[in-house]
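Just below sit the structures, each encoded as structure tokens.
In the two complexes below, chain A is the common chain; its partner is chain B in one and chain C in the other.
Let's turn to the complex of A and B:
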């Protein structure tokens, strides 16, 4: 009994491998035929031999029957090696769809750990994996979704030291990061490695998507479009500006679509105009497609700059001549006040407890003030200090905001993190609104008030 | 839609030019939190030259922008790095950049590049 079952089992296994071999053979023929008429896209290494298991035929059937994909497309996906930089709001959905679609090798690089403030948008992480490295958390989810791809974890930041080495193992990179410094680094390395970049970003309720260096040495790169970085103070992250989960999710999903198009492109993409897709969730027409410039002849990354010593090379990245953080101006905290002009949340708590009459001025915007506020605080948003026109007498404009306030009491200024409040403190002092210089900034803002637990439980957001 | 179409591109008209100005990617915060603006731009600048994009940008800075952080829009006499200018949905570089002479009915979009993810 046992032996007959075993024999049957063996026979079936043999039959399966015969069929798989036959299928692989057939698809290789198709592949060869298609290669004759259409050269393969650069860098998608067609020579890597792959086969699909019967389980995979079933798994990918719904996308394989699309003429845009077909068996050739599925094989290209399986041969492809995609690197996702950043396992956050963009990287999560992009990774899920690419893993699901059957990308052969999926590398993910991120140095962060999962926090519960990530979970409204970083949908492949989970509450039970808070504190776990994002890369590990992501791969846990992805393996369960599709065990076939080769998942490569890189639990480290992408830096000038490791970028060339890491990116050398991939045919395509998805820029799912959150700061211009790393976006320039990804760009420069991708240009050197001849790999296309699918770049997306999102903030608040808006998103942007652009495919760069595609095809390599034809399409414009990040530096062609943005030769100079924005001033550091204009760079706002999701933590400060806020982000609607599905907005960044949508952009990540669109990155997966563009990646699939690049990987399965057959024939090679015609040299067309690069477009940038803008998404504004609350805009009158949410999607906009913009025609972008082409490659810049004098681009220091992908072109031939007039001064050739400016050209970015493997060496200039490796030996540390390229300082991306300095190039983008870092992201230093605001420091405009002297020590004596600032007090800690603990000191402010003492002021409250002592019952001294004072004014607590909260300069967060109305939305944030609505989420939580300290008792008795007056809300005058920071933007109102910034919107007094230049030609107005600035001092008068600021004074008028406090006409009804008694002027004989100390003033404490608070914001979310302790940056805006310093600037407002400085302005109030310069405008001489409250005589006697008794205006103080509360260090670390509402966030520090909550974190320190100085007044018991207080929401942290 | 437009009260008067510009008759020619040679800059002889003197009627103000009707433009649709749009802000995206957070720039709207500097413009009274409003994404779409319809403005009437003088057809010529103070030296009598026909209105181009740079004239428009300075005009917006002086007349439409209430926020005093002017350098988040205009820096060192030019558009701040990180802002893309689109003329009728095309990169301004395809249209002559700062020199482009604005036409009645043009849609000029200013997009601040986003970095979050």
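Let's turn to the complex of A and C:
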């Protein structure tokens, strides 16, 4: 009996040393594999020593058993340092999947606080964290999801002053932002630092996804594809244009996939051609995959422009010579009217209470008008005034919309935020639709009407 | 988007995305083929006043799902049955 136990003990000891040898062998192999790993992305510091705890083997097992990941891929994830710029509709799902996958260092930068209108899409924030900085809220969620990664909070906007310094700490950046100016900034800094960018965007029911500067100095950058920014007036945010939660969520999830693919790239895998994915939720073919070209030789960010002084460099960003907001045409509020042509919501309330006959013209689109409207208002959407600019006679086109309206009453124009209504007020006056020039813009629009509480409870959306 | 319409003979299909679609008020249409790529923006600008200035200047263009360079691919001809995409940068998220 004693001998058989001793024999079993010996056998077990042998098995343990065999396994230990195998494990040592495997980690040597891992180091070797990661040392020769493909240069792109070059900043992924292969020398960073990492090990997985037993808990992590179990946690990541379901993805580790995929040949695309394996133990080498898992180690690469743990060594990687990923920066997510923007903790909104794209950044939330991207951060959750990357934290869950075991990225070693996850930095998140955002200067905003959580609002309740974010929650239909920004799924890692919560009702109880409304008012909390988004970065803090995000990390609260992520720590609970996976305590292993090193989470780095950056509660500030990304600017020309801090971008070079912040991005120096990362190997990969996810562009989850909401304005062209910051997209160009991220691009230029990433190109200078040889960091690939996983870029996505979404508006209404559509999305775009593209991996840029990958591998650095081979793949195209944002400026190769879109050298000129969109005209400022065409830049619509989710607050104005609307966004379907799962559409932006899908784009963020796809960013996480691309990030994992870049980080875990096996040295023997070919670097694929850059593609752009367009998603249209209501399209007959919702996904379109576009073949892109490599970087443009004359690109001012990643190429050699004909006029070398145009080349964007570390110095041109640091010296503040790059004015990204001006490049994108700014985004100042519309101010086309004089003080006397505008009245406040309180003044308009007095007009209503006094019982003076007037016309309230609401220029929001039909969908928004359907959500809530002020009593007795006439809805003629702003887009109709826009189209009238292309008619033979703008004035006649506008006049025809008010044929059956009495012309001797004052007119008050309202929209959602008080920008479109100013433009329409100007158009109505120029077209001379209402004699006597008694056309007034209501400052701050429906949003201000609701916020001020001037007429009691009114929905704010 | 009714993308299932077959392309009528002698035309190519053009798809408008994001604010290109807001400007033209349609997501796709058919234009007469053949057409030189270099004539495309001019043709669209005539059809949709100020489109070059307000939309096309900032757009990427694809032909049959491949990126084309409006400067270096000028010689290219858009043929019957081709699919052209006008793709503005979308920046929100």
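In this section, the second predicted complex is superposed on the first by the 417 of 461 C-alpha atoms of A that agree within 3 Å, B and C clash if a C-alpha of one lies under 4 Å from a C-alpha of the other, contacts with A are read in each partner's own complex, and residues count from 1 in each chain.
As a convention for this text, a residue touches a chain if its C-beta (ideal position, glycine included) is under 8 Å from a C-beta of that chain, and two chains touch if they have at least 3 such contacts.
Keep in mind that what you see is a predicted model, and the values were worked out from it rather than measured.
> Is this a clash or a fit when chain B and chain C both end up on chain A?
In the superposition, chain B runs into chain C.
> Classify the contacts of A:285 with the two partner chains as first (chain B alone), second (chain C alone), both, or neither.
second
> In the superposed arrangement, which partner chain does A:229 touch: chain B (first), chain C (second), both, or neither?
both
> State whether A:277 touches chain B only (first), chain C only (second), both chains, or neither.
neither
> For A:140, is the partner it touches chain B (first), chain C (second), both, or none of the two (neither)?
neither
> Touching A:126 in the superposition: chain B (first), chain C (second), both, neither?
In the superposition, A:126 touches no partner, neither chain B nor chain C.
> Kindly classify A:113 by the partners it touches after superposition: chain B alone (first), chain C alone (second), both, or neither?
Touch partners of A:113: none, neither chain B nor chain C.
> Name the residues of chain A shared by its contacts with chain B and its contacts with chain C.
On chain A, the residues that contact chain B in one structure and chain C in the other are 86, 88-90, 176-180, 183, 200-203, 206-208, 225-226, 228-231, 233-238, 241, 243, 248, 251, 276, 278, 280, 283-284, 288-293, 390.
> Which bits of chain A are touching chain B when the two form their complex?
Listed in rising order, the residues of chain A that touch chain B are 86, 88-91, 175-180, 183, 200-204, 206-208, 225-231, 233-238, 241, 243, 248, 251, 276, 278, 280, 283-284, 288-293, 383, 386-390, 394.
> Going by the contact rule at the top, pick out the chain A residues touching chain C in the complex.
Answer in residue numbers: 86, 88-90, 176-180, 183, 200-203, 206-208, 225-226, 228-231, 233-238, 241, 243, 248, 251-252, 276, 278, 280, 282-285, 288-293, 296, 390.
> Chain A touches which residues of chain C in the complex?
For this pair, the touching residues of chain C are 1-4, 17-19, 22, 49, 53-55, 57-58, 60, 62, 65-67, 69, 85, 87-93.
> What residues on chain B touch chain A, complex-wise?
24-26, 29, 35-36, 66-72, 75, 80-84, 86, 89-91, 93-94, 109, 111-117
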